[in-house]
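The following pair of complexes shares a single chain, subunit A, combined with subunit B in the former and subunit C in the latter.
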Partner chain A sequence: MTAQTLLRGWRGYRAVMSARLREMLQYRTAAVAGMVTQVFWGLIHLMIYQAFYRSTATPQPMSLAETVDYIWLVQALLLLMPWRTDVEIQDMIRTGNVAFELAKPADLYTLWFARILGGRAAPMLLRFPLIYGMAALFFGLRLPASPAAAGAFVLSVLAAFLLSSAITTLMTISLMWTLAGDGVARLTATFASVLSGSIIPLPLFPGNLQRVLNLLPFRGLMDVPFRLYSGNIPLSAFPRELALQLAWALTLIVLGRVLLARGMRRLVVQGG
Partner chain B sequence: MPQIVVQDLCKTFRVAERDPGAWGAIKGLFHRRYRHTSALDHISFSIEPGELVGYIGPNGAGKSTTVKVLAGILVPDSGVCQVMGRTPWKQRIPHVSQIGVVFGQRTQLWWDLPVIESFELLRAIYRVPAPVYRHNVEEMVALLGLGELLDTPVRQLSLGQRMRCDLAAALLHRPALLYLDEPTIGLDAVSKLAVRQFVKRLNKERGVTVMLTTHDMDDVEALCRRILLINRGKILLDGTVADLRAQVSRLRRLVVVLREEKDWIETDEARVIGRQGPQVTLEFDPERISAPDLIHHLTSAYGVRDLYVENLPIEEIVAEVYQGAGM
Partner chain C sequence: MFDGLSLYGRYVAASIRSQMQYRASFIMLTLGHLVATGTEFLALWALFERFGHIAGWTLPEVALFYGLASVSFAISEGVARGFDMFAPMVKRGDFDRILLRPRSTILQIGASEVQLMRIGRFGQGLIVLLWSASALNVTWTLARILLLLWTLCCGAALFSGLFVLQATSAFWTTESLEVWNTLTYGGVETAKFPLSLYEDWFRKFFTYIIPLAAVTYFPALAILDKTDPLGTSRLFQSAIPLGGMVFLGVALLLWQVGVRHYHSTGS
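Entry: the complex of A and B
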């Protein structure tokens, strides 16, 4: 697949993305229900960390106020996590119908990636303003540290979204080998939720562990953008962090393309 | 020049086998045994532009394997396949942007979106210029009666409505060639007729080449001038519906309705194969006795109220060919 073909097909992929977005925007009730659950979880986290900070005398790598920001951003953008594979693609793979995808004049990876981008953006766009608004009005979420921090946060969230979609696409593609189910996918989701900082902010992990965490792609999902928001990561580190996020996204995209090409080759030789 | 050329196409599938039971499963972990099934065994045929060909055969005969190869989504083991001068699996994207495919069992429309949005999406994927697209949609809406369906989400369509929309979707980019895989499967009588009429017009008025796989012999009789009959990966017959009849049997049927139910005396030339009250079905060989002679003979001997000559139903012919070939 040459870059030229990809560019010429851009309108098609964009159309797929926006169609999927519109399809998912229909699920508004799910967004409201999700919001209620998440606000509830956020409040529990909030109380735990307040108790924790009150009971400790040692200075922590993150202030309580920064942690509160972090907790609420986790809830507002929880869907940045690569929770699940695309159900329809999963069905196609299970039934062998995935071969029929090749009957469309499009690059399969890009088609799926666009679909996943659109499908994941919709519920996030629905939930973010609701939870963010509530947390900012009532539960102690502050505004970004500075206008520049706000800009860095937005760009970093976009990069996190790309990264997360690359992971989701990779998880989906992995189903071509683990036909029986989404075990790999669920395992990845569980690991990611710990390693991205969505349960405990990463600065609160032990030092040795942090060195490992810094080598993994997952911190680019939540930890990086949320700490940029509160200023816990200084703006001077922003270009490096963003480049790392994008590099990981690119690496996983390339890996996904290679795996998909291999899986499809097997499929077109061995049949659906 | 033929639009589709297939020569000596072969495809073998490898199926993993294991002994039954737990022990078999464990053995299978270490040593896989494979059975090789030949889905296509030196298939050759060619199709000219504007033909409407029925591709028939029993389940597992190799029909959909052929269609998959022609559609560029399956790579054969050996043989030549050229569609409009291209090898489908080598030049996939240029190839598929010039063909249309409808698989009756699946839809390429988006489940939760109104039909028109799926159309828009396909327009973008196939890069159909806006004026061409608008003209095509209008034409499809008129031909297939889609007017009120366009704004309905696909999940709310009946099967017949969905099939009509799928047909339209496959034709928005004006392909010169259309593969239809079981397009009437599961449809009610009215929808079947609508689909058939549409395919016929498409072929006649637009000159679209159509390759139709089906189990519905009424589809074949209504639409196809030419039949390819395939079984066990081999082409058994390439000809017209009449050729197919001729190959199986010359026998014809005569249905006679008697004035009164009375004992029937069997003639030498014709055999009774069915009786229902006063209605008797005879089978005869037109080479031994011509239909007029047989009718004359019957009307002079018995009181006959009505009679008509019948062809062997194509279903039975096909079943006979399948059996004759040891199926």
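Entry: the complex of A and C
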């Protein structure tokens, strides 16, 4: 492949991504409403953790201040979670229009991945600054532990973003087997929400469970970047954590490509 | 009345039959819901494992709140979820069709969206409630069991009332307002813990504006045989869940006002 064809390819995927991004930016009212709900959610959790920390004198693996940072970052970046499959791809698979996708002069996996990436970047860009700002101004979210921690946090969030898109793409591809139902996808989303730390911060789980959690890809979605932010994970561990996040993303991308190729081989499209 | 009930039954049966068309997916979804709510409780257990108690409340005690909130919310989802999905109906103009039918709008909307997979939440809430009942150090007299059932009914009425209010607001806004989720889903989340843990303004809001305390905190005190720092009597604690029913009544009245105000979008 020459440099020119590569460049042309990239332009195509970039166009798909940015079209999806602009489409999602249209839903501003929904974003504001969703944000209010999330701030409320964060407040409930804030008050409950404060009550929990008041009830014990034993030092915990995470201080209350670190936990407060963590729960607000969960709300501000909630859309990092692989919540649901791409609705339009889901429709295409159900109706058989997915055949048209094959006619496009582009690599199908990259096309879907770009779509999913763009579709989730927009709402995140809308919500993050608003929720972050409110939490930082009024509800006890601190600034990053240090400028270096801030840098590590940003890089780690970007890696989490790739990882999350890889999981979502995989979930979407699974629809080729279950057709109308998105049961597998929802089940994955459920597990991801607990195992990533979005329900309770992972360091607060019992010690032996931690060992299992460390073996799974999901902590790379939230736990890793949020603890880097507050300094709960020291900067010295950052290169290793980032490498782990990227390795998981890569593994899931390869798995997605293999499954997609299989799914396409067994695809039967009705004419008419 | 009987006629209405049998019609409701038919709606539910039709809804269930349509969902059973994708059987594998349905089983996965139900399982998903059960697991989702189940892992949530597991997370709660993990917190108690670490902290021991929350402001003096033990895990079985909090589990009672959790179970009460989950089960009553699941019941309200069963009977009134159609109201949760109502706004798009106004937008599409589909409500006109409902108005043409010679039956109560409340019945038709309520039964329009019975989701069977919600049984997952109900099942899990029930398991937590039963576990809490056995782990708690209280004797289950008939009076106590009746109080529990009464609380569940009133709680379901309160949440249904919130769904009805949410739908009613769509008559004026046409758009569906996600902000209502703060009160419905946020309400269940709030009710899973004793209200005394929250800050003052928050507690007051869920006591006087939305009478959530009436269907969770006060009756739970009576069931647990705890003394209320506010000094309310047992009689008050047992009678106050009625507030949930009153709330639903007011919501249904407002719904009728909304129906009269309704202008079709004309599409």
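Operating definition for what follows: the second predicted complex is superposed on the first by the 259 of 272 C-alpha atoms of A that agree within 3 Å, B and C clash if a C-alpha of one lies under 4 Å from a C-alpha of the other, contacts with A are read in each partner's own complex, and residues count from 1 in each chain.
Everything below uses one rule, namely that contacts are C-beta pairs under 8 Å (C-beta built on N, C-alpha and C of every residue); 3 or more make two chains touch, one makes a residue touch a chain.
Bear in mind the structure is a predicted one, so any value in this text is a computation, not a measurement.
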item	value
Which superposed partner A:F205 touches (first subunit B, second subunit C, both, neither)	second
Superposition-derived comparison: subunit B or subunit C, residues of subunit A touched	C
Touched partner set for A:F40, first subunit B, second subunit C, both or neither	second
Partner chain in contact with A:R22 - subunit B first, subunit C second, else both or neither	first
Partner chain(s) touched by A:A51 [first = subunit B, second = subunit C, both, neither]	second
Touched partner set for A:R14, first subunit B, second subunit C, both or neither	first
Partner chain in contact with A:N97 - subunit B first, subunit C second, else both or neither	first
Parts of subunit A lying in touch with subunit C, wherever the complex brings them together	29-30, 33-34, 36-37, 40-41, 43-44, 47-48, 51-56, 60, 178-184, 186-187, 190-191, 193-194, 199-200, 204-206, 209
Residues of subunit C defined as touching subunit A within the complex	22, 24-29, 31-32, 35-36, 39-40, 42-43, 46-47, 49-56, 175, 177-179, 181-182, 185-186, 189-190, 193, 197-199, 202
Residues of subunit A that touch subunit B when the two form their complex	5, 8-9, 11-12, 14-16, 19, 22-23, 26, 88, 97, 99-100, 102-107, 268-272
Subunit A-facing residues of subunit B, complex	11, 13-14, 39, 65, 68, 71-75, 89, 92-94, 96-97, 101, 103, 106, 108, 110-113, 117-118, 120-121, 123-127
